[in-house]
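The structure's right below; bear with me while I get my questions together.
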Amino acid sequence: MLVNCVAYQNGRKLGAIPIEQASEYIQRTETFVWVAMKEPGREELELVAREFKLHPLAVEDAQKGHQRPKIEEYGESLFAVLHIVENGDDEHVHVAEVSIFVGPNYVVWVRRGTENGFAAVRERSEREPHLLKHGSGFVFYAIMDNVVDRYFPVVDALEVELEKLEEQIFADESPRDSIRELYHLKHKLMVLRHAVEPLIEVTQKLYGGRVPQVCIGTQEYFRDVYDHLLRVSQQLDGLRDMVITALSVNLSMITMGTGEITKRLAAYGALVAIPTLIAGVYGMNFKNMPELDWVWGYPVTLAIMVGLDGFLWLRFRKAGWL
Amino acid sequence: MLVNCVAYQNGRKLGAIPIEQASEYIQRTETFVWVAMKEPGREELELVAREFKLHPLAVEDAQKGHQRPKIEEYGESLFAVLHIVENGDDEHVHVAEVSIFVGPNYVVWVRRGTENGFAAVRERSEREPHLLKHGSGFVFYAIMDNVVDRYFPVVDALEVELEKLEEQIFADESPRDSIRELYHLKHKLMVLRHAVEPLIEVTQKLYGGRVPQVCIGTQEYFRDVYDHLLRVSQQLDGLRDMVITALSVNLSMITMGTGEITKRLAAYGALVAIPTLIAGVYGMNFKNMPELDWVWGYPVTLAIMVGLDGFLWLRFRKAGWL
Amino acid sequence: MLVNCVAYQNGRKLGAIPIEQASEYIQRTETFVWVAMKEPGREELELVAREFKLHPLAVEDAQKGHQRPKIEEYGESLFAVLHIVENGDDEHVHVAEVSIFVGPNYVVWVRRGTENGFAAVRERSEREPHLLKHGSGFVFYAIMDNVVDRYFPVVDALEVELEKLEEQIFADESPRDSIRELYHLKHKLMVLRHAVEPLIEVTQKLYGGRVPQVCIGTQEYFRDVYDHLLRVSQQLDGLRDMVITALSVNLSMITMGTGEITKRLAAYGALVAIPTLIAGVYGMNFKNMPELDWVWGYPVTLAIMVGLDGFLWLRFRKAGWL
Amino acid sequence: MLVNCVAYQNGRKLGAIPIEQASEYIQRTETFVWVAMKEPGREELELVAREFKLHPLAVEDAQKGHQRPKIEEYGESLFAVLHIVENGDDEHVHVAEVSIFVGPNYVVWVRRGTENGFAAVRERSEREPHLLKHGSGFVFYAIMDNVVDRYFPVVDALEVELEKLEEQIFADESPRDSIRELYHLKHKLMVLRHAVEPLIEVTQKLYGGRVPQVCIGTQEYFRDVYDHLLRVSQQLDGLRDMVITALSVNLSMITMGTGEITKRLAAYGALVAIPTLIAGVYGMNFKNMPELDWVWGYPVTLAIMVGLDGFLWLRFRKAGWL
Amino acid sequence: MLVNCVAYQNGRKLGAIPIEQASEYIQRTETFVWVAMKEPGREELELVAREFKLHPLAVEDAQKGHQRPKIEEYGESLFAVLHIVENGDDEHVHVAEVSIFVGPNYVVWVRRGTENGFAAVRERSEREPHLLKHGSGFVFYAIMDNVVDRYFPVVDALEVELEKLEEQIFADESPRDSIRELYHLKHKLMVLRHAVEPLIEVTQKLYGGRVPQVCIGTQEYFRDVYDHLLRVSQQLDGLRDMVITALSVNLSMITMGTGEITKRLAAYGALVAIPTLIAGVYGMNFKNMPELDWVWGYPVTLAIMVGLDGFLWLRFRKAGWL
């Protein structure tokens, strides 16, 4: 579906144009055409590809989806695939994809799998014509910046989740759930990492060394994006490290829990076994057991049982077994 | 066994030729010869080697098999070994090998250990003469692309397998099987990794920096293969990470299971031990035990036993021990 | 809040100047202006940005805070973000941030989140005019050196903490606390690492290869900072390694503890069960049990019970079960 | 001990020469001298060193032995140390060493600690004079190839050993032995790795980039050796990974085994405790226990005991506890 | 404390000179001055610094100590810090430091924290004037070589310690001590690694690429040091790997030990519980229990008890539970 197709000149909006005229507009100087699409059909995308002479391999990637994040040069133009990561309602993170074609005087983006479009990018860009004058390179920056900024709340949510899990682990509550949630947390970190890591290396090439033509003049903006990516990556690394540690800590807590149960079991066992032994002794049928004939024999025996148990109970308490 | 030997000119099929004439055809301009072999004998392969002047070390590798995946330059020509990975019927993945000799005007491939040939590659190539015009480099791309595309279903099957195992682990069902299957999964990942990793570095050299002569003009296609390899590699890395985590999660679940059994054992033990103690007490032979003479002594004692057990049972229930 | 704004010429202090005249002073030769700010408001920072023509992206970073440590070149000037790490009162380390703009003849720093300023840096610098003559590059060194030197006591405190934990672990005391504290220690190491690691790579660029203009002449000082960073990093790596080992050692100690409790449980169980069995035997109601009629039957039986337990107790002692 | 000293011209054997004439032969064109020694004494080695003007540091290394595998350039000549790894009779792998001096027209090798010499290398080389014509570089290749080829059976034996251990682990047989053998396997892998890893980097320099004079013309052969080393290295990496996994799997199996024993213990305990309780009840001495007077009281009670145990046994069976 | 200060010319000792004349001697051609100090005071070191025009940052490092191992260039001269590692009497390794200033015609070293000086270095150097002619670079090599050679016995001692621990682990003796000693072993490895690792990279720069002026002519000697460092590093890596494995093996052994204790506990429990049940049965007070009246009732029951226990004991033995 074509969302819109707008021409700009010198950083100012000329207005929406029919997609079929795009090839004319991109001939003019100081002009560029900005096309937004959402889950386009094959014909729709091929029409756009013809207008802007997009490379077939790039078009095929945008059509098929399920690509790794990447930025590739095709002659003078760039083709980028970015992953949009969103917190889903359930325990998974949701991954959508945006494919971006950037030429000297056009930007075409195609998003798949998300309802949250990039209207904000367009609005912000149109409010800053002095920046939009940089042309398609700046629009490319604006959308990358937008996508990367969406990673932060997701990572922050994962950090909050980990903190909650840490408390749960150290409070020794529902370890079974903690394990499951740590595992899922690790999985989500992997999804994010797969969105972020491949971009880091390629983004570096947009501001240092031999910079693609369309990014010249906006290198410092791409360095800013790069810096944000590094920040996300560092947070992810830290989270990953702590999740692994938390898993091993959880195992230690569980093992310790088992040990403590064994202790309590032993202690309570002793509290029952000792009076049972005494009762057994006085259940013996020896003829000559003088205690049996004593008037106070029974109550004294009961008192000894209770007394011994009381004594043991105190000792176990003190030793931390109960 | 020689599968076929076909000459092409300007991207169009000239027709099958006897292998002995191949050396003549490759003298002509705009012509190349395409040979497919399957588990050839030593003589057969040496005949081909003579016709195309293949390097003895490369021929020896193709003859012996069991090579690492690699792409080597011998003067103007390339020698590549690729691993074909297939899901076997049993719990192993099956590895076959294809050796490819690529010269300026010939492509010779030799496959070993698989029934699934590359007829599809030839058909697709012949349907696209405008691409086949690129010559032997394009054919090399087509076969690499085919081999790499075969990795995806294998990796996807492993992902499905892991998901099944995750469910099994968290449901705490048959942990013994889970361990065994996680171990085998790890093994299969290793096999795939050994097929993919060595290719990544060498493929990069087919599109960037100093590109071998035969790949000039098709660099963007090899970058596409490279990108696919990176995708497989990323999936494998993710899977490996999760398998390791799953193994450690499984150990935690098992440890926790042991702890829970210990708890239940303790609880049931208490339910039996306490009435046993009471019975022991009234089995004592003291003369002076007034309860023994009461008419209701016995039923009241039984009632107390049952009552205590009921009370304990409720408490254990509440504490999650039963 | 503007802390101060001072002009220097040839390494000597000219005196405090109003911030609005800074743009004039930085025109003069051999002169530089040194501005210190603390959590400035937006307007305040923008005033400074105008006077020194600071790059908007850098100003935005200094305004927003929460940046990764970094050193970026903007034309002839540098923009650096450093993390100040302090031992908090509680079990966390406290992270503050200082943003530094370094131009050929100005240094502007902005600190956030810490009460400990850099007055010492200024005092030391003013006492060494022969060094201060190097200009803004030297001031930049002085503040980096100060920030990095603050890492050492924090790392040293963590080393002391680990040593204390090691003793606690091997004394097998409060393993639950050890785990929790090891986990928090790991977390603190991560915070420090995130402060130090990103700086290492960038600091290297201040003394080797193509050095930014403002650092020329002070490279050996930046190499010294680099060396200190490497030292912190090495200490952190060592600590991290030992914390991981300590966690696994702790798990072993806990498991071993469980095993020892099981042993004691078994031993004490035996000490009670065997006399209970003997008592049971003599509680049997067979008619023909000659021992029951013996005068010494009962005391001998008691003596056997005690004797057996004494014997067992000695054996268990010797075997280390008790 | 001098094994032999032979001169070659144009790839053809001239014949054995006295070591003292070697310095004359190496003056002639197209000639090279090939010396093999076995655990030589100091004087013997110094005689050879004088004849061929070997570098004192290299001679010292060859004399002392216990070097890392390495290839060093000394002016126009190379000095290499290779580890020969052999399966010993016991559970260790056996490491021997060969030091090789390669100059433009001589090859001297010195082996230590192994009975298996390199006669095969000499024989093969002499059978292929067209290759031996390449001179000392080719002989160097031939011996490296021979040493590296000896790694494969050792690695293969370790793979077989791991497979045997995997079966043992999953069959849950003798876990104590499995641990010990996995540990020794890991140790052997380390020995092999230490033989292979250092060579990989240096071998790469024998065929790519600036190639040492003596290797020019034989680069493709050294690439072949490099490829074999990579293959061994990959196998070792895979083995190492699986050994670590196997160790952790073994721990899981052991933990699970403990859990299962606990279950059985609990189940059998219950089978005994419940009849004991019933017996205890009817051992009470209450006056008014009507069951005691019933004629069928005793057999019915016994029947109940057996019946309850039968019922429990079935339930435990079904639950997998027995 | 100044140990000595000696001038050399053309590799021959001129004799001890007062430190105040050193600045004159270093003007002469073919002459160099060699100063050895031990824990010098501030003034002493500053006097030397003035004589040889040492860089203030380097002097500060030598004064303060507690540096990372490093080699830094200051103009034409080098400043190196090396760690001397010695086996202490206790369970720690002892780290001392030597700081070395190397100029075109002087060598100044300052050692801290060790009694073992470098007299041997001086003696050996003076015995080899043909090598000492190389000047200060050779002296620098000689001391590095000496320091690095001191690492080997320390590493070897750690290998012996690990072997002892391995035996202890597999003999299942005193696991608590094994853990503690493995932990300390890991700690010692870290100390050594911190001495060795930083040197590896910098030593490489003393023989390859752009070599510092003072090392020219002695590159092959520094390559030898580099090779020794790599060897130590490889041994350390191997040890570290095996220590980690040994820790995990130890955990497995402990877990297995717990399982075995549980088994024995279960077995012995059964041996007691079953006769107890039988005794309980015949302790019941039913009127109609014919066995009670049999003359052989009691001895037969005892025999059954013993017989059952004997049977069980054999079965448990066979099953490996006892």
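For reference, chains read A, B, C, D and E in written order, and residue numbers begin at 1 within each chain.
Basically, a contact is a pair of C-beta atoms (placed from the backbone, for glycine too) under 8 Å apart; a residue touches a chain by one contact, two chains touch by 3 or more.
Nothing here was measured: the structure is a model prediction, and the numbers come from that model.
J.: Going by the stated contact rule, which chains contact chain A and chain D alike?
T.: B
J.: For the sequence-identical pair chain C and chain D, determine the rotation angle of the Cα superposition and round it to the nearest 5 degrees.
T.: Rounded to the nearest 5 degrees, it is 145.
J.: Taking the mean of the CA coordinates per chain, how far is chain D from chain E in Å?
T.: Between these chains, centre-to-centre, one finds 25 Å.
J.: Taking the mean of the CA coordinates per chain, how far is chain B from chain E in Å?
T.: Averaging C-alpha atoms per chain gives centres 40 Å apart.
J.: Can you list the chain E residues in contact with two or more other chains?
T.: 248, 251, 255, 258, 262, 265, 269, 273, 276, 280, 283-285, 289
J.: Report the order of chains around the ring; begin at chain A and proceed in the direction of chain C.
T.: So the chains, read around the ring from chain A toward chain C, go A, C, E, D, B.
J.: Can you list the chain B residues touching chain D in their complex?
T.: Contacts found on chain B: 55, 57, 67-68, 70, 72, 74, 175-176, 179-180, 182-183, 186-187, 190, 194, 198, 244, 247-248, 250-251, 254-255, 257-258, 261-262, 264-265, 268-269, 272-273, 275-276, 279-280, 282-285, 289, 291-298, 301-302, 305.
J.: Show which residues of chain B lie in contact with chain A when the two form their complex.
T.: 166, 170, 220-221, 223-224, 227, 230-231, 234, 238, 241-242, 245-246, 248-249, 251-253, 255-256, 258-259, 262-263, 265-266, 269-270, 273-274, 276-277, 280-281, 283-289
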